[in-house]
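What follows is subunit A paired twice: with subunit B in the first complex and subunit C in the second.
On to the complex of A and B.
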C-alpha cells in the first residue's frame, strides 16, 4: 500500500500499473527525476544497490527493455545477470515454477521478467521471496514502459493531469496500451484509443477511455499521440486486410500531423515499423520524443529498483 | 447382504412430490418397504437417519474419468471414490480417454473395471465420431450393445453439420441420446477465458458467448430437422438459455445442463490468474449466472452436472495460458449447489434433487431417480445444515484442481448407498 510520507514503495513487487495509487506513481516519477540527474554526471554510477543481484529473465525477444534494466542495475552498482529464453533451462522443458525455485535458491534480490503470456510474473511473485518486476507479460501489462512514458510526458508538459492523449494501433494485443491507460487515467489525463474495431477490445470504455476509428478526427485535439507497433502477423488472423490498407488508414504521416497543434508530442514504445504505423519523417521529426523515452527509461527503472528495495535495507 | 433399515429420514421424492419422514427397508439391492415405524426384521442393520434427508441417489451425467490412458490424472477407481464421497450413485463418463471410447472394447473395459470395484454405477458415453476427430461416425450400434448410455464428442464440437445430422438420425435407431459440446472453434480461437470486461483488463484472449450460442442454435435447428433429442452440455451464457427456452416452447426435445462452477463463479475469479479457474466453457458474467439460475427455476435447464475434469498438479501449475481447461467437481457439486441455490433460496430441495437425479435418469433412460418399492436402492443421505470448509487435501479424487479450496459451504452428502450397499459414509452410528 502507498504511503505518501514514505520514500519507499511498500510493496514487494511491481506487477502492473492497475493497482498502483496516484501517490505511488508520483513517488516513482519524483524519484526518477533525481536519478535522471545522476545520468548527466561524468561518473554515472551510485553505490545504492551494491551487493544486490538483479536477474533479467527475458523469455521473449527484447533489446530496449532488457538493456535498459541492465544499465539501470549497473548504474546502481548491482550485479546484473541476463537470462534469455533460448539460453534458459526452459528449452529443456523446465517449468517456470521450477526455474523460479532454482533462481530463488540462488538468492537474488530482483527478478525482472518478460514473458509471452499474462500472469506469469504474478505466479512468480506469489511463489518467491524476491522482488518481481514485470517487464511485459503478454498483452497484459508493461508497467515500466508506462512509467517512463508518464515520466517523459511530465518532463515535457510539466504535468499529466488534464492532458489529452491518443493511443493508436492494436489496443487488444498491447500491454503498453493497457499500462498507459491505467496510469494516465489515474493521473487525471484523458485517454482516447484509436484503431480499427478489430483492434479495440470489448468494454474498453470501462477503463475510462473513449474510442475513435478515424485517425485524423481522433488526434486533432490531442496533446500527445502514442503510436503502437503493428505486428505484421495479425494480418493472417484477418484483423486487417493488408499492411498497405492499414498504413493508408492509420499511419501517422506528416500530412496528418500538420493538422494538429505545434505542441503535440509523438511517442512510440518501439520497435518502430517505419512506414507502417509512423512515417520516418514523423518518427525523426520535431514532435517526436521517442528517443527521450528510451533515455528516461533508465532513470525510471533505477528509481524502481531503488524504491522496491524498500524495507530490505531496514531489515 | 444384511438387510438395512433407515429410520426416520426426511424422504424427498420428486416423482410423487413426497417430502416427509419415513423408514426405508432395503433387502439386497432393492427397496423392500417404505413406511412409518417399520419394525426391524431379524438380522437387520438399523441406521438412525433422523435429521438427514434421504434423496434418490444423485446421478452425474458429465464426468471425465481419464481411464484408460491418463491414469495419472484420475482412474476409474479414484473417480468412483470421489463420486461416492460426493453423494453420486451413478456417473456417466465422457469418451475423451486414450484410446477414445469409440469401440465396444473400450466400453467393455470401463464397465469391467467398474464391476470389479462394485460401487458407484459407471455409465460410459461413447463418442459420436471415431477418435473424436469429427470426420466419421463411430460404430454406434456396437457401442450400444456394449452398454453406452449416450453419445458425445465432449471437449469438441462436431464441426461438420451434416455429420451431426446423420449422427442424430442414426442414434435414433437405438434411442441413444446425443450430448453436444457447443463451441464454434473458429470463434473461440485461442481464447482462454470469457471475452468481456475481464479479458480486456487482463490481456488474455477471450472466448465470446457467441462461440457457444451459434452452436446451440445449430443444434436446435438439427433437432427440429431430425426430431431427435439433443442434450446441451455445460450451458454457460444467457443467450444459450434464451435459445433453449424458445426451443422448448416450440416443443423440441432439447435438454440442457449447467455446472456448479458456472453457478458459483464468474469471470472475476480469473483476476489472480489461478489456472484452476480456467475451464471450458469459461466462467462468464454475473448476468449470465443470473440467467442460468432463472433457467433452472423455470425448467429451461434440466440438469446440474459436474463436468468433473481432473488434471495433474504439474499440468495446472503452469502459466494460465498454458494450463489445460477443466476443474474437478464430484466432491464439491452438491455442497456448492446446496449453499448457492438452496440456502440462498433460489431452488427448493425437491427441484435440486430432481435436477441431480430424476432428470439425468430420464435423459439417459435409466430406471433410477425415484425412491419406490422394488426399485434399486440407490440413495443419498444429506445433512442440509452441515457446515464445512472445502479442503482439496481431503478429496478422494486423484486430482486437486479445484478453485473452491477454502470455501465455506453448508449442506453435505453424509452417506451414499449403491444397490443397497453403503459405499461412503460420514456418519458415525451409535
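On to the complex of A and C.
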C-alpha cells in the first residue's frame, strides 16, 4: 500500500520548470489525467479543496491563465479571489511585499501570481507562508503553460520522449519558450528554436536546443510546432522592421505547412495574432490543438493545486 | 526482522478460496436482482476494480447478461487528503453512463474503517441519483468508524488494529491470496 502514495512533489511552491525533475513532471501530468475526467462530468466539481483559498494576483493582463486558475480552484471547491493591478492598493504605492504580507495575514493557501518582473514570485515564496504558483514572471518562466503544453502533447502523441519539436517566434522575450525548453528537453524531446536572429538569444544551444532561421526548412521534420505570440508590449527595441515583414517570413501559413507530416500538431499559448504569427486557416485547421491546450490547462492547474497543498509542514 | 515477520504472516485465503468467495457473492447478487438488467457494477480502484471484473465475469456466466461496469478513484472525496502528507497517486474515474435510477453494486477488496466507502458514496452521487447502492467486499475485517455495512461479503475476519489485511491478486502480478500481516495499515483506510 505504501507504494500507492507518492512523496515526489514535496515542495511548497511552483516557481519554474527549471528545477523540476522528470519524475515530478510525470507525477503532475499523471495527476492531471485523473483530474481531466472531472471536467467531462455533468457535475464538474469535487470537494477536494473545500475550505481552501486561492488568490489570483495578476499584475499583467491575462484572460486565459487567470480564468483557468479560477475555474481550476472552483472545480476543486476552493474559494478563489481575483486581484488585478488597477484595482489593488499597488496603485496607491504599496510595495508588492507589503501587499503580500497583508494577504498573508488573511491566511490564503495559495497565491497565483503574474508579475512583469522576473523573480517576483520567488521573492514572495521566500518571504511568505502560503504556496506560490508562478503564472508568468516577466520574460523568465511560465511553468503552468509548459506543463499544459506537455500534457497536451503527451495526450495526443502518447509520450514526450523522442519527439521533434519546433518553437517559433521571439524566443528571447518568451517565458513560454523558456519553460517549455526546460521541460521538453528534460522529458527527452528534441527542441529546435526558429526565428529571426534578433529573436534568438546567444548561447541558447547551451539549453540543449538547436537553432534555425528559416521557418519552412526548420519545421519540415517536426512532430510539433509551437508558435509564440509576437509580444508588442515587450517589444521596445525594434528587433524587426515591421509586423508585415515578420509575417512575410515567419507566419505559419498553409503553404509553409505543406511539407510537414499529417500528424504534426500546431500549438499556440494564446492570445493569437491572426495573420501575424499564424494564419487563421492554420489556427483553426486540422493540425491545430490550440483549444485543447486551453481545456487541458484547467486539469493541469487542478493537479498542481492538489499536489502542492498540505505538504508545507513536512517539506 | 524479515524472518520474524514472515513467521507471523497468516495466509487467510488461497486462490481457490478467493474464487469460491467471488462465485458465492455473484450467486447472491443474481438471486437478489431478478431481472439483473439495470444493475451496474462500480469498482473502487485499484483492487476493487480487479475484483469487479471477476465478479462481473461470474455474474455474466450465471445470468447471460452483459453488465455495465465502471471504476472510481475516491481520492477527490477523501477526508484526510490534505492532512496526511504525501498525496495518493490518482487514477482515472471511468463511469461512462448515468447512474440515475440504476441499481449500483459498489465493490472493494477490504472493508475496514468505512471511510473509503463514505468517500465513494459521495463520488457516486455526482454521477446521478441511483435507485439503490449495495456494497460488496471480499473481506470485512471490522473496526468500522462510520455507520456502513456490506451487503455481500466474501469472508468476515476477526482482526486487531495492529494487523493489516492484504489482498494480492494475479492482475497485479502476484498469486491470488489474502494475508494478515503483523503491522498496522500504513494507509488507515
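Here is the rule we go by: the second predicted complex is superposed on the first by the 298 of 315 C-alpha atoms of A that agree within 3 Å, B and C clash if a C-alpha of one lies under 4 Å from a C-alpha of the other, contacts with A are read in each partner's own complex, and residues count from 1 in each chain.
The rule we apply is simple: a residue touches a chain if its C-beta (ideal position, glycine included) is under 8 Å from a C-beta of that chain, and two chains touch if they have at least 3 such contacts.
These numbers were taken from a predicted model, which means no experiment stands behind them.
In the superposition on chain A, A:161 makes contact with neither subunit B nor subunit C. Look at A:48: by the touch rule set out above, it reaches subunit C but stays clear of subunit B. Of the two partner chains placed around the shared chain by superposition, subunit B is the only one that A:119 touches, whereas subunit C remains out of contact. Judged by the touch definition given at the top, the superposed model places A:21 against neither subunit B nor subunit C. In the superposed model, A:141 makes contact with subunit B only, not with subunit C.
Touch criterion met: A:96 reaches subunit B, while subunit C stays clear of it.
Of the two partner chains, subunit C is the only one that A:30 touches; subunit B does not reach it. Note: no residue of subunit A belongs to the subunit B contact set and to the subunit C contact set alike, using the contact criterion stated above. If you check the complex, the residues on subunit B that touch subunit A are 195-197, 199-206, 272-273, 314, 317-322. By the touch criterion given at the top, residues 18, 95-97, 115, 117-120, 122-123, 137-141, 173, 175, 178, 201-204, 206-207 of subunit A touch subunit B in their complex. Against subunit A, in their complex, subunit C makes its touches with residues 46, 73, 75-78, 81-83, 85-94, 98, 122-123, 126-128, 164, 166, 185-187. Touching subunit C in their complex are the following residues of subunit A: 1-2, 4-7, 9-10, 27, 30-31, 33-35, 37-38, 41-43, 45-49, 52, 306-307, 309-311, 314.
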